[in-house]
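Each chain gets a letter, A, B and C, in the order it is written, and its residues are counted from 1.
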Amino acid sequence: MKIILIMFAIPAILLPAACVLYIFYQAMPALNLSLIFGSDISVVGVNSIGQSILPQITGSLLLMALACFIALPIAFSIALFHAFWASQNHKKLLMTLLQMLQGIPPIVYGLCGLIVFVHTLQWGISLLTGSVILAIIILPLLSNSLIHAFARIPREQTDAALSLGLSKLNVIIRIWLPASWSNILTGLLLSMARALSETAPILFTATVFSGITWPDSIFSPVTSLQTHIFYLAQEGSNIQAIHTAWASAATLLLLVLCFSLMAGYLRRYDTT
Amino acid sequence: MMQTNIDVKNTPKIHVQKDFLVVEQLSLQLENNPILNNISFSLPITGITTLIGPSGAGKSSLLRCLNMLYSTWGGEITIDKTSIKQWQAGEDNLRKFIGLIAQKPAIFPASIAENVTFGLPRKQRKQDTTTLIHDCLIQAALWDEVKDRLNQPAVSLSIGQQQRLCLARALALQPSILLLDEPTASLDPRSKQLIEISLRRLAKNMPILCVTHDLEQAKRLQGQLIFMCDGKIIETGESQELLQNPQKLETREFLRWEVCDCD
Amino acid sequence: MLMLRPSMLASFVWLGCLTAAFSIAVLLWFLWDNAWLFFQQFGIQTLWLDEWYPYENLYGFLPAITGTAWALLIALLIAIPCGLAAAIVSSEIVSSTWQAWIRLSMEVLAGIPSVVYGLIGLWLLLPLLQSQLNLLTGHSLLAAGLILSLMILPTIMLMAQDALQGVAPEQREAAKLLGLNWNQQLLRILLPQAWPGIRSGILLAVGRGLGETMAVMLVVGSLDRMPQPFYNILEPAQTLTSRIGREMGEAAFGSLHFSALMACGLILAIVAVFFSFSAQKMRPST
């Protein structure tokens, strides 16, 4: 029995390391400084190959940062509503709604965003559209973690602070934030990792293949690492393109892991 | 001790000229469960009032209503003839006016001194608070134990000390009423004694409402006694008299067995 | 009471909640409205028609639905045994140091963006399939299923491990005291008690697998045709997500084609929400 189990488990245990190693192995040829700072070697016929992927990195980070910037205050207000104003029934309804929103596949949000923001509101394919869609995608995740972060603060502390005549705002600033910052940060980091790895919803709503180094305004499209990988992956005949794709994948993976592992570390640090 | 003329036999409603806090026909429902039912009583301007009753009688809920931690109650609560629902400066200000000490001490993760001044407005906190901290800790009978380590984290204190720190923290706001929810339930005899002493001293200047299920403590604290059971006030009277000569069957039963069956 | 004295905090909270509710309601309303338009025109029977040629106004959903189902089924067939075995091995057999490492590596696996999985599928898996099974390109439902299984493995494994570790130590001890051997302990104590958690992990994984787009889109081949015969998983095919992903860019806004894609999105959303709900409902209350 044990032997059979171990046989089955071996692929699951070995695959993660294998995947990561394979990505970096493939990325080796292109993973050097010229990937970031650009080089003069450009392959004729296909633009943007051999160029630096710095615009893509900034694009991805911009999208992520703006999405979090939009989602954070809204998630905060939802969590505070849950903590202070919602009755038991409201709470149940709110959690169900969040669960539902989390269940909807990101591509569906992308599709809706394309209709509402790009066409109806005339924002066009832009940084703003992409960030708003990403913000909506990470909103349930972020609100959930904030709600749980606040729920873990002992009830007595809140009551004691209220009995001292502190206003709700003061209770939040002086009791809740100091007590739960690590949980809040964990949730935020996980949401950032999520926003950074979503590709499908921004493919047709926020990004173009190349030509943008720094968006002029929030209404201009951006380039992003995720979609860059997607476009390059399909350049089947061009070996340089594939190398760049792997290198971009390695960069993206590093960025995402940076956020998600930091979140994991914080969670462990918090429980000890 | 303030003398009050209480009509024990006929009605639990008390109307004294100098009533400071008056509760009239207070009822409370939580999640469709009736918790409090037609509660009426009043606190005189000074002196201890003790609230006894079995657990689940709604004593803690009553305190939370007085403090607006529960705000869905019906009826009327007035302080100095002002309804607390129409408190001009808002419920935060009301809570500064009423000190509440919970059963389980909730110490904030800060130093002892910071805990004492926690409820003060920022401007006051920035000023020199040494005398205030000293006074409050003296009143709460904690000064001697902590005077050398005011800047150490408060969580290092024992539970009994923490409870007295909570008392000091509430006193720092100079409240006009003090509410205590079984303040000595989980304390050692020494801390219990210290708290009772400081309560009796404080009661000379302000009304104190102390919830307890400890009959001995109710005897020691003296003053007015209210017996509550199942969300209703069963009997009210002067402590000594009510304990020795209870009128109602439920009270008698509770005094003998410390259980109560109000149905 | 709140309305009487709106403080700064209260206004902030209300503003935030209303913004969230409003924008999400608008998005979902557009989804519903467009899909409704489509179903009004073509009727519900498009769900089981098997021709999808947008240029000739033929919109049959069956190929994509079959494709989605096959890809998901293959993924589950691989990921459930492997994930469960890995969970049992890591929580019951190996030392706690190893356990921490396995957990970390699973978190890493869960963190890999789906487009990177797509890259791996396209440039590692497809050539492998092509040479091993003598396929034309390797684009197939099998490839999609394999990649999906890799993507849902962490969900299943992590949830199963949490569920197994949630079984009280007293229970294990009691089983040992009764003289049950390791296999019996596993089959009669641990797995039955951890089953609710494992089950909701599987349902969550189904929900996630349904909505996965990029990786599937890159390896599935995007050919709108029923598999011939229907169990042929070695040919290029189409799933609901890959169809949306492929055609979203080319469908003109306001056209029937676009409405048809919205209808795909609606079906996807409904099924995925159903699975995530059941995962939540069946989750053990902890």
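Points worth noting:
The rule is simple: a contact is a pair of C-beta atoms (placed from the backbone, for glycine too) under 8 Å apart; a residue touches a chain by one contact, two chains touch by 3 or more.
What you see is a predicted model; the values in this text were computed from it and never measured.
Two chain pairs, A-B and A-C, are compared here, and A-C has more C-beta pairs in contact (counted per touch definition above).
For chain B, the chain whose average C-alpha position is most distant is C. Put simply, the C-alpha centre of chain B and that of chain C have 56 angstrom between them.
Between chain A and chain B, the centres computed from C-alpha atoms are 50 Å apart.
One inter-chain figure worth recording: chain A and chain C are separated by 18 Å, centre to centre, where each centre is the mean of the chain's CA atoms. Within chain B, contacts with two or more other chains are made by residues 90. Residues of chain A found to touch two or more other chains are 167.
Within the complex formed with chain B, the chain A residues making contact are 88, 154, 156-157, 159-167, 170, 174-175, 178-179.
Listed in rising order, the residues of chain C touching chain A in the complex are 2, 7-10, 12-17, 19-20, 23-24, 26-28, 30-31, 34, 81-86, 88-90, 93, 102, 104-116, 118-120, 122-124, 150, 153, 157, 182-183, 186, 207, 210-214, 217-218, 241, 244-245, 248-249, 253-254, 258, 261-262, 265-266, 268-269, 272-273, 275-277, 280. If you check the complex, the residues on chain A that touch chain C are 1-2, 4-9, 11-13, 15-17, 19-20, 22-23, 26, 73-74, 76-78, 80-81, 84-85, 96, 99-116, 118-120, 132, 136, 139, 167-169, 172, 193, 196-200, 203-204, 226-227, 229-230, 233-234, 242, 245-246, 249, 252-253, 256-257, 260-261, 264.
Per the touch definition, chain B reaches chain A in the complex via residues 31, 67, 69, 90, 92-102, 104, 106, 108-109, 118-119, 166, 169-170, 173.
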